[in-house]
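After this come two complexes, each holding chain A, first together with chain B and then together with chain C.
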Partner chain A sequence: MQAYLGLDVGSVSTNLVLLDERGEVISSLYLRTQGNPIRAVQEGLAQVEKEIPAGTSIAGVGTTGSGRQLAATMVGADTVKNEITAHAVAALNELPEVQTVLEIGGQDSKIIILRQGVVVDFAMNTVCAAGTGSFLDRQAARLGVPIEEFGALAERAENPVRIAGRCAVFAESDMIHKQQLGYPVEDIVAGLCEALVRNYLNNVAKGKDIAAPILFQGGVAANIGMRRAFEKALGFPVIVPPYHAVMGALGAALLAKRAVAGRRSTHFRGFDVSRWHFAVSSRSCGGCANQCEVVEIRGEGKLLARWGDRCGRWSNVSVEAAGR
Partner chain B sequence: MKVTFPHMGHLHVPLRSFFAALGVETVVPPPIGRETLALGTRYAPEFACLPLKVNVGNFLQAARMGADTVVMAGGVGPCRFGYYAQVEREILRDLGVKLDMVVLEPPQGHWRELWLGLRAITGGADLKAIWRAGKLAWRKLTALDELERELHRVRAREATPGASTEAWRKIVDRLDRAEAVSEVEEVARQGKALLAAIPRREDDDVLRVGLVGEIYTLLEPAVNLEVERVLGEMGVEVERSIYLSDWVKTNLVFHSLHLRDDREEYRLAAPYLGHFVGGHGLESISFTIRYARAGLDGVIQLAPLTCMPEIVAESILPKVSRDVGIPVLTFMLDEHASEVGMRTRLEAFCDLLRERRRRKERFLVGARDAAADLRE
Partner chain C sequence: MRIGIPRALLYYHYYPLWLTFWQQLGLQVKSSPPTNKEILNQGVSAAVAEACLPVKVFYGHALHLAPQAEFLFVPRLVSAEPGTYICPKLMGLPDMLRHAGKKLPPVISPTLNARCGPRAWELAFIRTAAVLGFGARQAERAWKVAVAEQARYTAKLGEGKTPLDVSEGAEDDDRSSRKALLVLSHPYNLFDDFVSLGLIRRLRARGYRVITAEMLPGRVIAEEAARLPKALFWSLGRLILGAGGYYLRSGGVVGIIHVVSFGCGPDSLVGELLERQARRFGKLPFLLLTLDEHTGDGGMVTRLEAFLDMVEWRGAS
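Up next is the complex of A and B:
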């Protein structure tokens, strides 16, 4: 059997999805990147290798996320795509008539507007990360609520408290203030969800034409409190797809399937990569005033790629092609 | 006297030429880099927009290289740029940096100030000498702008990424060194040939994207994270709404002679914006409409963060985009803008535009087939 592998290497999580020929999910993984994308990718590959059914071969690999270039270089990818396109592809696969995708990940959030199966508009958060997964994690920890129970707690609220959601730091001080005034924790948690949704709609989704059906993707979609807050603010039902947390990786796998269609080879280096020794080094190029930080990545001692320079002086050296 | 001036795209080429022809020594600040931004953000107010910060960085770097006089543009109208020369003068004074500032006010109603400013810098050069120096500088500027337009076409089709950028660097350098109008003409001819000789890709899958927005972020690659080059290397042909020579012609020359004709911009923008909002806010609207009508695939708006005229335009553009049917992507830039973040959005935008074009083509083929069926 042939299978397609998608990797989404983000700032907070590294996700892997393995698809079969019909596009059904064979296995999916959600790992914490923990500041070490190389280790996360290797760990993920090792786990997929364990779970892969006998007689299955990898026919195509796609990468996405902020670490897409690194991951592509490491594993040998057939396609490297930005996370907006990857999320849109996965959403369309889930629900072909989808018109809006709300996505909130670890450190970024985005909105994708689709019409008749095509992306027509999108936006990503620019100035502020208030309302993303990292912030929710932090607040849950501060309130002593496990993040998994955060949403259920919010659902029990009767009178959500109004919390200033413009900035993560001010939201936190406002929450502390409300706690000190004696508001019940569930009302604060629900209020926080509403504040974050308000912030998202006023910043990321500003000026966007939100229409149903709406899909809610990303790790934060697991939070029922956030989903309800979106439904309340938008007045439409919000659908959370089963693989919401790994939609980027799913999209990358679907894109890999498309990329290798009609050819018989893949750039995949094989699962051995999980045992390779990778070394990354960076230095400041003194060639001009830009002082680009040039990154160099070696696998098993061999130069695989360089990037980070604006002029191509370093990245255009002949290295083994990472595939595009 | 050693004169310096702020960077803005290739403005330093004609400016240096102008002063050199008048026998005035110049110090061109180093290309905008990390050090420039570090100095600028350290000494300029945090809430000012990026041009002010970069200007301050330019001046401080030039002062280290021995410059003693800054030539800075003034301004009128609602954009706060008009006030920057004054603010910069204060910042430099507070820092104890010995730089005299000569502010050249726009000629609209300020002919006398402009003349006095020029006289002060040139040490009383006569009108004829200024005219001759201006002519050489002007030809350099128009040659650069003509060749840059060509560069955008070539870059989107080059077989080796970076080949046209390399040629462009050579062209700018040669134009910078040209000493007479005839020499400029020769370099311009060579430049055209240089660009024409660059090997092209075999496919012609090129997207066309219009760039609108604030003039400084549009013209200065170091500030817009080289968006034109990045797009070009993604196979996108860029059409920019502002070229410096056009701007000088319409705003400095025609406007001051009461000959400026921007009725078309006002007419196009009228359904959305009925009056001047400063800077190029109104043009961001009108050019988006022009680009949609010209069949471009998309529009990108560039502006420094907190730029009032462009914020007005940004809030109107979603409606314009829907009405005229052209996708618009906005970048608000400041010293925190990241190349990685921009690249992700640009890639996604290109995916969107390519898919849109495929649909349109499929639809057209479908319509043609249907029409053929009807005829039969």
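Up next is the complex of A and C:
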């Protein structure tokens, strides 16, 4: 049997999805990146290797996320795609008539507007990370609530309090204030969800034509409190797909399947990559006043790729020739 | 005498005029090199934190030139056409620069204000030349040559060249058959390859022809701008809205990208107006790209790739 592997290497989590020929999920993984994308990719590959059914071979690999280039270089990818396209592809696979995708991940959030199966508009958060997963994580820890129970707690709220959602710093001091006044923690948690949704709709989704059906993707979609807050604010039901946390990786796997269609070979280097020794180094190029920070990645001592230069002096060097 | 002209802000609009005028008077004109990391860092550390990125970049260029010039030419540009204004930060530029607390050569800053009459710019240049000891006759002659040079430059832009193509003497390569993208921004964002993170190069590398507002005749911009419910008095915003409106109405491009710098006052309004217009017409993919000090291009590349996927996806369906 042939299978397709998708990797989504983000700032907070690294996700892997293995699809069979019909596009059904064989296995999915959600790992913390913890600032070390190389280790996360290797760990993920090792786990997928363990779970893969006997007689299954990898026919195609796709990568996405902010670490997509690094991951593609490491594992040998057939396609490298941005997160917007990957999420849109996965959403369309889940629900072909989808018109809006809300996605909230660890460090960023996005909205994708689709009509008749085509992306017509999108936006990503710009300079502000208020309302993303890391902020929720932090507030949950501060309230002493495990993040997994955060949503259920919010659902029990009877009178959500109003929290300032414009800025994470303000939200935090507002929450502390409400705690000191003695409001029940579930009302504060529910209020926080509403504040984050307000912030998302006013910033990321500003002016976007939100129409149902709406899919809610990303790690934060697991939070039932956030889903309810979106439904309350939008007045439409919000659907959380079963693989909501790994939709980027799912999209990358689907794109890989398309990329290798009609081809017999894949660039996949094999599961041995999980045991390779990877070395990354960076240096400041002294070629001109721009002093680009050039990154170099080696696997088993062999030069795999370089990037980070503006002029192409380093990245264009034929890797085969330079890797002697 | 050596006069320094920072390669930043309205340099990208008016460098043929400014350079030629002083060269005609026999002055040695020195421009700063294209923006690089050193210049950006210098500017960011010297400018007030609230300034927008282009103003910070300007500081960097002025400081870079300071040891190499006896004078810096930093005109106070108030108005370029009757009935319009330039951004207030640019009007106050010479004062901001003088009070940056850095060692600078004397700053020459004639006030260029087209609201004071059709010859206001010319007279300002002639008066400034007089202070430096040049006669009115000589200055008038220099002005005529400079204006002609500026007109030649504008005509080249009308042929579909960008200011970078003109200054690099790029040959015409036949891009007419390619799909076109309209890229709207202030020239000092767009044609500063460092600040724009090579946006135009990237789009051309992906096989697109790039159209900018400067390539449209002033007549078209004026017609489009007249459709706005209220006359827009920022000339730079007028250019962007005019060009955007024209292509939204007439088609001929497969998408529109609006590039703004973080913290730009006028763009916060102009961008909103443009985005609303784009949504009202609803036919063309639209992307708002925000530039800031980061030299990392990850965020921009992701948005750009997603946008081009969207353009191609729409084109195919």
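Basically, the second predicted complex is superposed on the first by the 319 of 324 C-alpha atoms of A that agree within 3 Å, B and C clash if a C-alpha of one lies under 4 Å from a C-alpha of the other, contacts with A are read in each partner's own complex, and residues count from 1 in each chain.
By our rule, contacts are C-beta pairs under 8 Å (C-beta built on N, C-alpha and C of every residue); 3 or more make two chains touch, one makes a residue touch a chain.
This is a predicted model, so every value here is computed, not measured.
Peer 1: Based on the superposed arrangement around chain A, label chain B with chain C as either clash or fit.
Peer 2: Because the two structures are overlaid on the shared chain, the partners are seen to clash.
Peer 1: In the superposed arrangement, does A:Q291 touch chain B (first), chain C (second), both or neither?
Peer 2: Touch partners of A:Q291: chain B and chain C.
Peer 1: Does chain B (first) or chain C (second) touch A:G312, or do both, or does neither?
Peer 2: In the superposition, A:G312 touches chain B alone.
Peer 1: Touching chain B in one complex and chain C in the other: list those residues of chain A.
Peer 2: Residues 66, 81-85, 116, 118-122, 124, 126-127, 207, 209, 288-291, 310 of chain A touch both chain B and chain C.
Peer 1: Under the definition above, what is the set of chain A residues touching chain B in their complex?
Peer 2: 66, 81-85, 116, 118-122, 124, 126-127, 207-209, 288-291, 310-312, 316
Peer 1: What residues on chain B touch chain A, complex-wise?
Peer 2: Touch list, chain B to chain A: 30-36, 161-162, 165, 222, 226, 229, 305, 315, 317-318, 321-322, 327, 332, 340-341, 343-345, 347-349, 351-352, 355-356, 359.
Peer 1: List the residues on chain C that touch chain A in their complex, please.
Peer 2: These residues of chain C touch chain A: 33, 36-39, 194, 198, 262, 275-276, 279, 285-286, 288, 290, 292, 298-299, 301-303, 305-307, 309-310, 313-314, 317.
Peer 1: What residues on chain A touch chain C, complex-wise?
Peer 2: Interface residues on the chain A side: 66, 81-85, 116-124, 126-127, 207, 209, 288-292, 310.
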